Structures are given as structure tokens and as C-alpha cells.
């Protein structure tokens, strides 16, 4: 007992009135919470929030990268971006098209791979390892690979098509072919992510409904559409929201594959901002576009979240 | 609470500590700091100044940057009166962009030995030169000596098509001509031919005086016949005569060079500095089979044209006089370093800026002799860039317009060019600064 | 695109699959597995083959049988490549350690407390996670320049830590949600402060999950491109940008670039082979 | 060792009172069990004593010290959790030593303490194992050991046996009882299982709807439940409740219930005097009912609905005028077919009367 007597020294605190006593413990808890998030808050403030405000400020000024004149021009840059036909009729549609195409294709393909892996077979570990690779390799290497693979003169794809006696498209010189290569690369990169998350989801599903369905003599397709997919809905919903929001900011793949070309026809939001800022050196206009894009994705993200909640019953 | 949270701020303080490390040290006496894009020709030139600095007890600090950020980064430094660099790489593309922040260079030793023409990109408002050349970069028409006799080298556009087509039909080559066409690569296909057709990007043609161009309102020449013909020439090459791959609209210099070096094309157009690369047997299948020629001419022009531009060095105006003095001494030593400049040419294909060396080089070196003949000795020299702040935006806009025109139907070309008039004009006159 | 469509082992309509005899089912599985392997492995194989071709043989990698390791030696003779590898390695490691250190407490807080403060913080995290990177990295470029942090290790490091704050806090919250808090209560009763209970009990319990996230964080930093493109220059070369510039600056050196890409892929392959379990665990959302 | 005194203790979450004005004195070395259905506030009360929840109102004192203000580590308490809360990354030895090391106890003292605890609990062979290598019962013993080594003023138990299977639970219940006799520390034990409450507690505190319903020894609680809730919660099978009407019968009373009437003992008369002609609830425990197939006076008449054979006895469900009455302790060998008419009698002294509205025991 003597060993733990030290704790008794605080005995006199019993006399403090109840209200103050409460505030002290709660105060300690609050300080503790603040202490826990403080490093994160500081980093977020300094390197994300402050820059965002500087960017917003710049978007109302005349501010080029080589000559920060900083004259207030109000909404001039916003007016420019919002009346720029490239932004409205190429960049935004491209961005959302990429989002829809990439997310839906990688979801479908990821689901197929997950189902395959879930069945279990001899080489399963090998396949899982291979499937994991794109996720680890990242967009720069894979875009580089794809650019080389789809090279119209030397690329393996065209060589193969030629060997089959088919046409050899100029992949990166045509808007839709180039867009297809971008989508393909993105799908290649992200199918594994969907596959692994869906596989984890599949593994965590209870067996009983499947056994019941087997007793009810349901076919595979019916089991898939009526049991597997509904039970995976929460996972699917979260995956789709996260991936769609991330997809909006795609830069690496497009930059390395087409640079937005040919003739800006595959430009997406991030490329537009980068081009305005670093190609045209118009930091202010780039910032205005960045602000507009941020607002769009926030609204789109919320809408998507609500939509998925409604249709998918996300219970998270 | 302090004790309880003892471990928490560790990460934060580490960040701050690293921030302190990032600060730049104060400038030391007798130090030269040089900022440049790392590239073989430039590296060779820097070596000359380094040699001089070592011999004269001057500390020499090299700060190579990547091309992608060079322009914004240097612009930021110069406009803020920064002194991080005593000497920096200067390019005709932004010769006028930086003119108010750079030191006049007429008093640098050896400036009387250089070619005056290319210096037209670098005057300040008082008309003084603001750059010291380090090498000439010249656009060159290359052909395959094993496929085409020197006498059969195309003299005009029609011959490019004819010779190319013939070689394709004989199965000697896959393509007649390849060259870059994307943004920052327009020179290697459209622009050189534009100039050989007596055409240019803005009116008045071949005018580079911003005051004049301002007064004329930066009117693009896109809808004029000379321009339309050029675009149609390339459209035919891609889609009708098929002497060039359809994907060429997506080629940069590198893709085009790769096809040429793979032995799949009879002609290409590139910077003369690629001559070494094309003839390197480690990389090229056509080493030893590459020749240089005069530019094939368009239908509207008879006399040969060529472009001769320079890469150069600049000195920030904001430096204190002593530093300026030191920088000028280093640059002067470089200009007068005969041995070094010959080494630069031999090692990298970067033609020496000091013209005193030219006759001797031409007599010893057949390649230089040829280069001199097809570029330097051509009387009508064009300037391959415009010299005003919005030039990068114009370049990009032009590439987008031309790509669109070349990717669509032939009969739509006039409409695309018509639409491009406004885009190109707006890119030129947009207000991003004062 | 042809690869993609042939690779999709689409779920079969009712009955069809079941009608197949066992042998045919096995054949279907083998076919589907081969398609998946081909889809995900082919581009990598092409890259590896390219990296082994001599410079003059790189154009048609499927023609000719000359192979060489010279590309790898040549790549590593370039000072900038070694610098880029070292920088990327150090950056990935330091950024991972700091990111995890900064966000682990934040995730713990989100998991263990209720009330206005966690709610506000969680909302902020959610909102800032949706902000596209370019929207804050673009002005961060200007901030870094004015602080003298442009093209410094610190500057790019800060961006990497900042980008991880939101996402990692969120993921870490999930980790701690999976750990029963009564262990910490026990520790607090056993004489620990709140911080002590976190550090000595909750943190070790979350260790494996944090390690998994650490591996992913390391790879994400290693593979990151946009920040490196905007926030660094030649003074602080990083792997991804250096690799991309093999095309844009030094001519078309597909063989060299492939060699560098293959080298850059090595950590990913090592991790995939030996730490797969962790990676899959860390991917949970 | 110490007394634990709860005075007007409240816990509010917004407008909801999780614990409402609890007053309770736990004497030194006493083993007190808080029992009640889930959500009744028993665990919250325990957690407030532990310092894991803040106290919204009132005071809690341990020994002579008000602890409202003290973090858990300064309250000198030990606690066993439902899921044991062993430190998964530490060996059994380190788990046991953790609390002592935090208090800077010298290692040799720690070793001696652990030796003692290990002998009490029979953990000697497990010291080097990690928790996940132990069975549920072993983990439970380690959790107990963690308390024993601490010599804390108060032991708190939060449903410690509910994760064990039925057999092990019965075994551990006895061990706990033996342990408490040996260690002699004030203990507060929370459970929803009335059997645990009755077997373990020196006194039992029955809680319901955030309030204390009754405090007393197990026998008091069983024999003299203060409310219908306590009566129904304690005892198994649960007490039968019948709606009844009080009728005067000369100097005595009788109660008219479904299926018949009860005569009331003299003791009961005084309780019912004030309710003459009123409606009340009559409570009769299944084990106090005797069941006869022959007509009996003062009995409730009903028919057998179901029987449950337990081996030693059988439970019989009887329906009397629509009211369901459970009868226990019926000879296992008696054959009672569904529909058999039966007569139920109860010693008048065993009847319990409750107000229909307040559901409090009539006094």
C-alpha cells in the first residue's frame, strides 16, 4: 500500500464547488482533444488553408507569375473562365466524362476480378499479387508505360493490331482514341483498388443468404444481382464516392499521356489550371479556375454522396 | 497538460527545423552563381566559365533547373529584384519578357565578335543588347544520305512530297517526312514551312517590334492564303499523300526524332544540335547516313530563308556593381575562349558564338561547313519567335488551332483558321500584367 | 482498349455457367485468370523488355533479340538520377514518418471523442479532402517561393504532409474505431494519463494498421508527380519528374526511361511481394 | 480500504438523464452489486465512480475524499471490464505489472505482488503468454489479477462474467466470491444477471430507468421487494402478477383474483386495510405455489397449458381466467396433461401486494 500512497496528496480538492469541479475535468478533456489535433490543424492551416486563401485573393487580382502586379480586378478572371468555351465545352465535359467512364469501368472490372479471386483457385496468390501491382506502381510509371505501349509507330498495341490485320489507329492524335487511352490507363490503375476493396467486402459477407439462395435454386446471375450486389452496396457506394472525387483532380495520367492534346481536346480541370498558371503564366486566372473547380467538385461531391445514399442505403 | 503532451509537438518542431534549413545562405564575396537549364550545349558552355573561375580564385556555384519551371521561377526572381543568380540562361523566347530587369551587355569583352542578327531578340528599351550568346540554335532540314542523293534533296514543298512518296512506294522508307507538331514543337513542321511560304504568324509579317505590332493590333495571318496553303500542305502530307504519319499532330520533337532515328523517315527538321544525336550509333540506326540541307521552299517564296537564333546568358540588373563586373568578366572570358568553344562544337554540336572561329572551323570540319552554308550564309534570316510576355500563350494557342485544323476535314480548314483569328489575337493581347 | 474487353471475366447469365461441365468450368477459370494476368502484367513486361533493349533497338522491341543491361548503367551514370532516387527515398521516408506522427493523434481524437470539436474537425477534413490538389498546390507554389522554400526539400515535404493530413486522419479514425476503448480505460485506471493510455496502449494496438498505412504512404509519396512538378526544380530532383523529363528534355530515350522506371518500380514490387498482407489491410477505407 | 459514497449523483446527456439522483453508501470491504436491465444507468454509475465519465451533478467520495475532480489514475481504484481489456501487446506478466510500474513501484515489489496474485489465481504457467493465446476464463483471471496486485481502495467490475459460457460463469462466480473473502476490498459489481447479483452481493442495488429502485441484502430484495419491478426482476422464474380486488370479510380481507380468491393473513390485513374495495396487483412467486388436481378451498382454479420438464422438477404454466400463472417446484414425475384442471394455493404470508398505479409495494 505504501507504494501507491503518493496519489493521496490531492485530497484537498474535494472542497471545490461542484460547478468548478466539472469544468476542470471537462477542460482537461478539451485541452487533450485540442492537443491531439493541433499538429494536424497547424499543417492543414499553414499548407492548405492559407494557400487556398492566397489563391482566392489572387483570383481577384491581376497577378502574373513573372509580375505580381496585384491590381484588384474583381470578377474579371471568373468572367473569363466562365465564358471560355474551352473550359465550358471541353474541359468540364472531359473531366466528368473521365470520372464516369473511369469509375464505372473500374468498378465493373474490379467486381469481376474480385469475384474471380473470391472463388479461390490454385494460382490465386499469384493473381492477387499481379493485380496489386498497378496500385503500387502509380500513375507516372504506368502512364509512361501506356504511352509507349500505345505509340502509333513502335507501340506493341499497334504491332499486335497489325499482326491481326486490323487498322493501326494514331492513338494519341485523335480526341476519342486519346481519351480512350487515358481512360484505359486510369482503369488499369484503379481496377485493383476496387477489386481489393470489393474482395474484402465479399469475404466479410455472411454465408447464410448465399446458402439460402442455393436452396432456392437461384442461378449465379440472380445470386449476383439479388444478393451479392445489394449486400455490397455500402462498400460500393463508399468506393464510388471516394474514387469519383479523386478522379476529378486527375492530372498525372493526362499530363503524361496527352498533355491535354490533341488541341486541348482531352484537357481536364487540373490541366487547365496548370496551363493557365504555368504555361500562360497567368497565376490569377489559374487561381480563378481552381476556385471554380473546387466549388464544382464540392457541390458534385455532395450531390453524389446524397445520390448514393439515396440509392444505395449507405449505412455508414 | 504540458507534460502530457510532451511527445506531440515533435513533428511540428521538426517541420519548423527543416524550414530553417531551407533558407538560402548569404552571398559570399568573390562568388559567381549561375542558373541554367541542364543541357549538353549549355553544360559545355558553363564548363568554360567554371574553368575561368577556378583559374581566377572565384567561387563558382552551379544551379541547374528543369525546363518545365525555368521560366516561371526566373521570372519571379527577376521581377522581385532577386539576386539568387549572377548569370542566368537567357532565351530569345523570353528576350523581351525580361528586358527591363536585365543588365546591358555591350561592355562585355568579345561582344564585337558575335553575329548581330540573332541579337534582335534581346534589346532593352534603349536599344542596348541585354544578352551574351553562348551558342547558336538553328533550325535545320535533315535528310537521309543513303536514300537521297545530294542533288535530289527537295528544293521545294512539292519535291518533298514527290521524293518522299517515291521512296515509300519503293519500300525504302515507311515515311517521307516526320517532325514535331505539338505545342513548343510547331517549328519542326508548320512554322519553318510557313516562313518558306513568305508567311508569318502576325501582321505585319516578319515584324518583331512590339510597338509596331501593338499599333497594328496583333492581327493574325491565319486567314490569309499563304497561311491556309501551309496548313493545307501539312493536311495533305498527313491525310492525302500520307508521307507523314497521321499521329504526327501528337508528336513532339522527340517522337519525330525517334522515327527518324529508327530509320523510318527520309526527312526531318530539327535543331542543328541534334546532328550529333542522329549520328550516334549507340542510339541511332542511321548513324553516318544523315545530311543537312537548305530549307525546301514554299510556292510563294523563291529566295532561301533560315532562322538563326541564339541561346544566351543574362545578368540581373538588381545585382550590385561588383557582382555585375564579375559576371561580365566571366562571360567575356567565355566569349574569348577559342579552345573551349571549339570543344563545345565538337562535343555537343553547339556552334560557337565567336565568329572569329568560323572560317577556321569551316575549313577543318565539313559538318560545320555545311551548317554554315545552309543556315548562317543564308541571306534572309527569320526570327523564330516573338518577343513579348504573352508569347508562351500565343505558342500554345497556335498549336491548338493548327492541330484542330489538321485533325479535321480538309474543307473545314478555313473555318477553323477563321475561328482561330480571335483566339490567337486574344492570347496576344490578354492582360495578365500591367 | 482491346485488351480491356478481352480481359473482363463477366458474370454469366443464369444457368449458362452451371450448364458447363466441370472441365469447361476449369477452362473458363483458366481463361479468366490468364486474361487478368495479361491485362495487368503485359504493360509491365513491355516496359521491362524495353529497358533491356540497346538504344538503336528500342524502336521495335518485339523485333530482334539483342538485350543489354547497359541502359541501367547509363541511367545511373547521370548524377541527377542518383540524386533523384536518394531524394525520393528520403522524402518518402521522412514524409511518411511525419505524416503518420501528425495524423495518428488526430485520428485517435476523432475516434474517441464526441462533441462539437471532433464534429467540426471531421467536417473540415471531409471538406478539405475534396479540394483538388491543384487548387492549393498552385498557390502553395507562390507561398513557397516567397518563403524561400521553392525547390527545397522542406517545401515539398510540407506539401506531402499536408496532403496526407485529411485522408490519414480519416483512415486512422477507422483504425482506432476497430480497437476497443476499454483497454485505454483500464490503462487510465492503472495509472496512465489520457496521453499515456493513448501512447502505451492504443498506439501499440493500432501498430500493425499504422504500419500498413505507412507502407502505402511511402509508395504514394514515391510515386507522386504533381507536387514534384510544381514545387521542385533541378535543385531537388525527384524520381517521377526526372523520369518524365527523360522524354521532354534529353531526347527520346525510351530505353533509358524504361530502365529508370523499372528501377523506380522495385520498391513497389518488393512491397507487393513481401508486405502484401499489410498493404491490403492498409487499403481499407 | 474505503467507503464509497454517492450523493445526488446525476449524469445527463443533453436532456436525457442517464443517472438520476443516485444516493448510495458502499461500506468498507462490502461487495455491492448493481443490477438492472440494460440502459438502467448501472454501468454509467460505475464508470462515474471509476472516473471514466464526468459527473453531471452531485458528488462521489472514495474514502474521505471527494473524487469528482480526479482523473481515474488518481482515484486508486481497479477495474475489470466485460471484455477483460487486457493489453494485447503485453505478456501476462507485463499486464499485471503495468499498473504498478506506472506508480513507480520497485521491480522486486512488483514481482512479489505478482507471485502472490498468481498463486491465488493459478496463473503461474501463463505469465509469458500474450492475451490472445489465452482462453476466456484465463483472460478473466488475468484481469482479476491486474486488480489484485494493485491493492486498490475499490474494485470495480463491469459485467465481468457475461462473455463466458454458462458453465464457466458459474465457476468464476464462486471464484470471485472466494477471492473477495480473501482480498477483502470494497467492490462494486455491475451485472444484468440477477443470479450473479444474488449470489455475489453482500448487498444488491436494483436500478431501473436511471434510478435506484431498492437497496438491500439479497434476501431482503427477494423477500421484500419494494416495487413490482424489483419483484419481477429478482427471482427465477419471475414472480406472477395478477390483477386483484380487495374485499372485506369480517375482520379479515380476501383478494379476488382471476380463478378464485385468496384469504389474506393477519399480517396482510393491515396492508390491505386502506385499499378496501380497491384494485391492486397480487404477486405470487412460482416456487411458493402448490398445485393440486383435487378441489381445494381458497385456491385459484385454472387449467394446465404447458409443462416444461427440467428433470428435478417441472415448470407448469396454468391459465386461470385468461391470466397466465407459472408454477415451479412441481414434482417431476407428476403427469399433467394440457387441459387438466388444477387448483393453486399459496401461503397467505407469501403473497405480495402492489399498487396498481405506482406499482409500489403496499405497506
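All chains are identified by letter, namely A, B, C and D, in their written order; residue positions are counted from 1 within each chain.
What we mean here is this: a contact is a pair of C-beta atoms (placed from the backbone, for glycine too) under 8 Å apart; a residue touches a chain by one contact, two chains touch by 3 or more.
Quantities reported herein were computed from a predicted structural model and do not represent experimental measurements.
For chain D, the chain whose average C-alpha position is most distant is B. The two chains most heavily joined by C-beta contacts are A-C.
With centres defined as mean CA coordinates, chain D is found 55 Å away from chain C. Annotation: 38 Å between the Cα-based centres of chain A and chain B. Averaged Cα coordinates give chain B a centre that lies 37 Å from the centre of chain C. Look at where the CA atoms of chain A average out and do the same for chain D: the two points lie 54 Å apart. In chain A, the residues that touch at least two other chains are 28-29, 32, 35-36, 39, 43, 65, 153-154, 278. Of all residues in chain C, those that touch two or more other chains are 59-60, 101-102, 105, 158, 161, 193-196, 229-230, 247, 254. Residue positions 71, 73, 75, 103, 150 of chain D are each in touch with at least two other chains. Those residues of chain C lying in contact with chain B across their complex are 54-56, 59-60, 80, 98, 101-102, 105, 145, 147-155, 157-158, 161, 193-196, 199, 229-230, 232-235, 237, 241, 245, 247-249, 251-254. Contact residues of chain C toward chain A in the complex are 1-4, 7-15, 17-18, 29, 32-33, 36-37, 39-44, 46-47, 50, 58-62, 101-103, 105-106, 108-109, 113, 117-118, 121, 124, 127-140, 142-143, 158-159, 161-163, 165-166, 169, 194-195, 198, 219-220, 222-226, 229-230, 240, 243-244, 247, 254, 257-258, 261, 264-265, 268-269, 271-273, 276, 279-280, 283-285.
Contacts from chain B toward chain A in the complex involve residues 1, 4-5, 8-9, 11-12, 15, 68-69, 71-72, 75-76, 78-79, 97-98, 182-183, 245-250, 255, 258-259, 262, 264, 389-390, 392-393, 396, 399-404, 407, 427, 430-434. Listing the residues of chain A that touch chain C in their complex gives 28-30, 32-37, 39-41, 43-44, 46-52, 54-55, 58, 65, 105, 108-109, 112-113, 115-116, 119, 121, 123, 126-142, 144-146, 148-149, 153-154, 156-157, 159, 161, 180, 184, 187-188, 192-193, 196-197, 200, 219-222, 224, 238-239, 242, 245, 248-249, 251-252, 255-256, 269-270, 273-274, 277-278, 283, 286-287, 290-291, 293-294, 297-298, 301.
Across the interface of their complex, chain D is touched by residues 180, 182-183, 185-194, 196, 201, 204-205, 207 of chain C.
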